[in-house]
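Take this structure first; my questions come after.
In order of appearance the chains are A, B, C and D, and numbering begins at 1 in each one.
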Amino acid sequence: MGNAHRPYLFPLLLLIAGLVLLAGCGSDHRFVKKTTFEDANAITIEFAGPVDASWATDKSNFTVYEKPDPDILLTIQDISLGPDQHRVTLTFQDDLNQDQPHVVTTTDIRSQGRSIGPAVLTVKKLYMGYLLSIFIGAMVISNFVFTKYLGLCVFFGTSQRKSTAVGMGITFTMVIVVSAMMAWFLYQFVLKPYRLDFLQIVVFIGLVSLSVQAVDTILRKVNPALFKAFGVYLVLVIANCIIIAVPLILADNEYNAFESLMLAAGAGLGFLIALFLMSSVRERLDLANVPPTFRGLPIAFVVAGLFALAFLGFSGMSIF
Amino acid sequence: MEADKPIQQEEKSSAVEETRHNMLTVSVSPHIKSRESVEKIMWSVVACLVPPLILSVFVFGLQTLIITLISVASCVAAEAVSQKLLKRPVTIRDGSAVITGLLMAYVIPPGVPYWIPILGAVMAIYVAKHLLGGIGFNIFNPALIGRAFLMATFPVAMTSAWLPPLRDAAIFTYMGQGVDAVSTATPLYVLKHYGVQALMEQFGSMSTIYRDFFMGLRPGCIGETSAFLLLLGGIFLIYKRYITWHIPVSVIVSVAFFTWIFGGDTLFTGNPLLAVLSGGVMLGAFFMATDYVTSPTQMTAKLIFGAGIGALTVLIRIKGGYPEGVCYAILLMNPLVPALEGWFKPKRFAPPKGALK
Amino acid sequence: MTTDILTFPKGGAHPAESKELAQDQAIEPMPTPDSLEILLSQHFGAPADPLVKKKDVVVEGDLIGEVTQGLGANIHASVSGTVKALGMSAHPVLLKVPSITIETDPEAEARVFSPSDWTGLSKEDLLARIRQAGIVGIGGAGFPTHVKLSPPPEAEVDILIINGAECEPYLTTDHRVMLEQPDAIIEGARIILTILGINNCHIGIEINKPDAIEALSQAAARASSNGFHIQVNPLQVKYPQGSEKQLIEGITGRQVPGFGLPFDVGVIVQNVGTTKAIYDAVVLEKPLYEKVVTISGRGIARTANLLVKIGTKVSDIAQYLGGTTPDLGKVIMGGPMMGFAVPDLNIPVTKTTSGILFLTEDEIDTHPHGQCIRCGWCLEACPMGLSPNEIGVYVEAGRADETSQFGVFECFECGCCAYTCPAKRPLVQFIRLAKMKAKK
Amino acid sequence: MPATTKSNFQLVSNGILNENPIFRLALSMCPAVGISTSVMNGILLGIAVLFVQVFSSCTIAAIKDYIHPRIRIPTYTLTIATWVTVIDLVLAAYMPAAYKEMGIFVKLIVAFAIITMRLETFACKNSVQASFWDGIGMGFGFMFGMMALGLVRELLGMGTILGYDVLGFRPLLFFVLPAAGFFCVGLMMGLFNYIELTYNRKKKGT
């Protein structure tokens, strides 16, 4: 390729990533300003203008379900409309599981006699907090290595030295963010619309190889020094099951672009943290008088078990 | 199954040549050494841990003594057996296994079956300590690993065998009784699930609560209840310079601080004093987080380590699946110690240029 | 004179002083033994070449050994008598070194030296006298003093420090010298100041020797009329207060960089004993062939501060003082923190011997050592900010060659770490091993 | 490198013993830790891996002459992914309960290092028949490793074997927790090392 392209390559990629991200954060419906959970068993929808009372208070105009279970519709007990006719509060029979996003589907919204079209609204608790909880969750609380037991081959293979561990962790984080975003894009805009879900595995693993190749090429051209430091780990990335687990999880949970980004970044950084801790521990254990039959991998497994025991402290934790 | 001779043995014997020659000892300087020794430190810690045990006998009954003795005995036995198996010198006299046994017993509920600590001892001493190279190389606090193991193995007993304090010192009350008949809820459990109002209904007015909790008249683990006695022991250890103030103070301050911010219904309304008195904070701060092997050596690192423990404790208490989080918080900070040691090194005396990386 | 009580900021230990055993014993000349072995390697550098043959007759103070190439110092006969043998003798550190054995002539009279005026002498003449007298740093490794007093021209030396800290437990040699001959020390300091061409001198003394501080302050006041600024600085009692780098930092606040020398920060340090020897060499024109040695410890019948002829054997000293006790466990040449244990008493005193300690089994530590428990006390104690615990662990794991990352070569083996270690780990020994292995 | 000279039996036993994927090669550790909680899980995932390994090995061995060396890794990956998709869909359709228990791990077979490694080191150099037997050996080796772990953990954790109550009580609930998977694998590796060490010593001694 011509040399002239080189400086534009990286910004271009950033731009594409930005566009992908923007696609994910479009408003649910232009007439809806905000949706929030109210109390333990209510959802409030705030509209941009006044809505008709006859439409708003009719229970049959709203269907609500938890995002992972579209088949179970929640029973709406009561609907109340605020005095300025902007706010509609749906009260439910049972308490809502607010850790899960809920989907509210409405019929044609009617405002001052006009029809504004139906809306599919996603209600989430404290959106930034939700993103943060995905991020922290993937990074620490349900760390992929110590609580989900994924990526172990690479984890044990590259945690012998601190320098190797950090190199691997950084490389892995880069690749997983790139590949997860591409996977999200393909899943949302190709696989799902064309009902090709069953090709998930083939497509995702293909994407991973592709992004490994892409990062390889870009690094080699843009920053040869960095490539020299991290290039060796690129091959290993593909053998790490976290890299395929993350796209599968974000497809399963129907995450949007931001959520996917958080999950991917959290998983990558969580792997980096796990690697760093493990490598610093193993460097110390190198000096220890470990029984000969346990030297090397066996003792690393025992230590990882101790880590997992400690991480049990996070079980049952939900931040937001 | 580890019948092999540790390979370092040879290195060691050549490294330390202490010979007696014409009845005169020849060895490398210094020829005088301080009077302190590992044994002295360890047995001092044991001594500081005895008063809470005596109190718990009067508060929870005689079976706490039996549980503690079984725990200590099984830890010492596990240490001796592990060291024999691994062909290492048996060092049960140094008291470290006794401390492990005591601490493990102190963080389990007073109404558990007597044999429970035996399993914990195997995990704590053999797996968490001797497989990793013996004292000095155990990355995690063995007593807490033992407790976490028991927690995972006997979740019901370990989270429900709480006993209401005896007010009449009738120490045989709970002996041989089924636990279910008398079990109660710990203050932190009540606080987490029902709030301060329920706590006051169960334990009386706020001033009564502070007084009782400070003295140790409350449901809780065997050795964690009496903030007063633990504080006394901890101050003695600080006075003897066996531990420094950094870790205990930073743990307690950060628990209080984060509870104050996040512990209430809204921000900045938590009750820091209650948080410090009602769980295992005192025991953890003075006796567990300060374990030499599993805590950093540099002062800044100690402060960070302690603050991390406090923050994680509050996080687990408020957001986690358990009402109390001190033990897990310490376990989660333990593996950070080698990294902290790498980040915070002693300040070198004018090192030659280029010698520091 | 009142000043702040100074010390170095980082590390250090407080070993039991045990100075009360000998500090009140006035300096006492020891009668000449029947024969003595004068080692030809008593200084930093190559051994001296003998200038006498077997059966030669020598007189007290005669030059009998000379170093012609490289660093070294002259060796003089300590007694009048006949050369009996040129052989090998035991040395506390180097094990076996060449020596000259002299059989004392019991009839010979002691030489008498009378003071002369030195103020008219040039810098070169003064240095020549010091060189001629064979003076070395008698508090430490025996670095030739005339070399030390000739810093390279680019070094801008502005402070002279006289080291009277004597921080090693048991030792009281410097203490007694300061107490009994304060004027000689001040005179010696003035000689050094003249050589260096400066006028600022600090004398550092630990405050556990208040009488010495008093004596030197008065002597300094008496002599301060002629342009020299000599000041006594009381120092905190903390080991290793007398270590060169620590002393310089405590008094001047300057830090000597690693592998550097004091003149890099404009300071020259001389020990009190060396200063006294310089006085002897310049004013009395007396070579360095006898020195004050503290004989202490609970393993000897009588403790003393003896003026001993160099070459006198430890066994003769022990015999003179009434013999050793049955529970004697260890004999140390030097202080208990940095001195060398010797296998038997058949070993002669050298120019750098500041004390001979006869320690009983109770006084020494014979605990077996355990594994490092990472208490961090050695990190607290190390005055150089090193990590003795890590070095020890690396050495035990057979990875001594990786220890230079902990600055193992900056260690001057003061022994604070091993002293404080509750697991009784021989950390200094580990560090020496590490130095040997890491050098390769 | 020439094609293997080992007999079919040797190929199979090699995978089960000498080069056991879990305990000797230390590959594919995630399921060994994550879902080796029961013998049944071990058998099911073992079958899935066996299936993917055998079919991928055979596929690669069959088309090895047509693969350009530079694109061989992507080819392996896609081959494996195809067969994983097949077994994934089959299991989801016919064994939904077991499929749910194994969660994401069936899909993750695609990233198991052992399969790619056998393709790279064996299948691409050997005949279809040899690759078939090698795949059988590796698959069974994996399955036996999983079953051994599952046996220990199910017995100690639930007191059952293959769901049948053996002990009548649950000794140590800890062992069904995934955290125990690390310990079991670590201790078993230690055991394997110990057996090898004593065996070698005996051989040296005589």
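Quick note on the criterion: a contact is a pair of C-beta atoms (placed from the backbone, for glycine too) under 8 Å apart; a residue touches a chain by one contact, two chains touch by 3 or more.
It should be emphasised that the depicted structure is a prediction, and the values quoted were computed from it without experimental measurement.
Participant: Enumerate, in label order, the chains that touch chain B and chain D alike.
Facilitator: Where chain B and chain D share a partner, that partner set is A.
Participant: Of the chains shown, whose Cα centre falls closest to the middle of all protein Cα atoms?
Facilitator: B
Participant: Counting C-beta pairs in contact, which chain pair has more, A-D or B-C?
Facilitator: Contact tally favours B-C.
Participant: Measuring from the mean C-alpha position of chain A to the mean C-alpha position of chain D, what distance in angstrom results?
Facilitator: Each chain reduced to its C-alpha mean, chain A and chain D end up 30 Å apart.
Participant: Counting only Cα atoms for the centres, state how far chain B is from chain C in Å.
Facilitator: Inter-chain centre distance comes to 48 Å.
Participant: Averaged over CA atoms, how far is the centre of chain A from the centre of chain C? Could you give it in whole Å?
Facilitator: 70
Participant: Indicate the whole-number Å distance between the mean C-alpha point of chain A and the mean C-alpha point of chain B.
Facilitator: The separation of the two C-alpha centroids amounts to 37 Å.
Participant: Give me the residues of chain B that touch two or more other chains.
Facilitator: 1-2, 4, 7-8, 127, 134, 136-137, 149, 152
Participant: Show the residues in chain D shared as contacts by 2 or more other chains, in ascending order.
Facilitator: 177, 179-180, 183, 190-191, 194, 197
Participant: Two-or-more-chain contact residues of chain C, please, as numbers and ranges.
Facilitator: Residues 393, 396-397 of chain C each touch two or more of the other chains.
Participant: Kindly provide every pair of chains that touch.
Facilitator: By the stated definition, chains touch in these pairs: A-B, A-C, A-D, B-C, B-D.
Participant: With touch defined as at the start, can you tell me which chain C residues reach chain A in the complex?
Facilitator: 393-394, 396-397, 399
Participant: Could you pull out which chain B residues touch chain D in their complex?
Facilitator: That would be residues 1-4, 119, 127, 149, 152-155 of chain B.
Participant: Under the stated contact criterion, what part of chain B meets chain C in this complex?
Facilitator: Residues of chain B touching chain C: 7-8, 11-12, 15-16, 18, 21-34, 36-38, 40-41, 91, 94, 96, 134-137, 292-293, 297-298, 345-353, 355, 357.
Participant: Provide the residue numbers of chain B that touch chain A in the complex, in ascending order.
Facilitator: 1-2, 4, 6-8, 86, 88, 127-128, 131-134, 136-137, 139-140, 145, 148-149, 151-152, 312, 315-316, 319-322, 325, 327-329, 331-332, 334-336, 338-339, 342
Participant: Flag every residue of chain A that touches chain C in the complex, lowest number first.
Facilitator: By the definition above, chain A touches chain C via 286-288.
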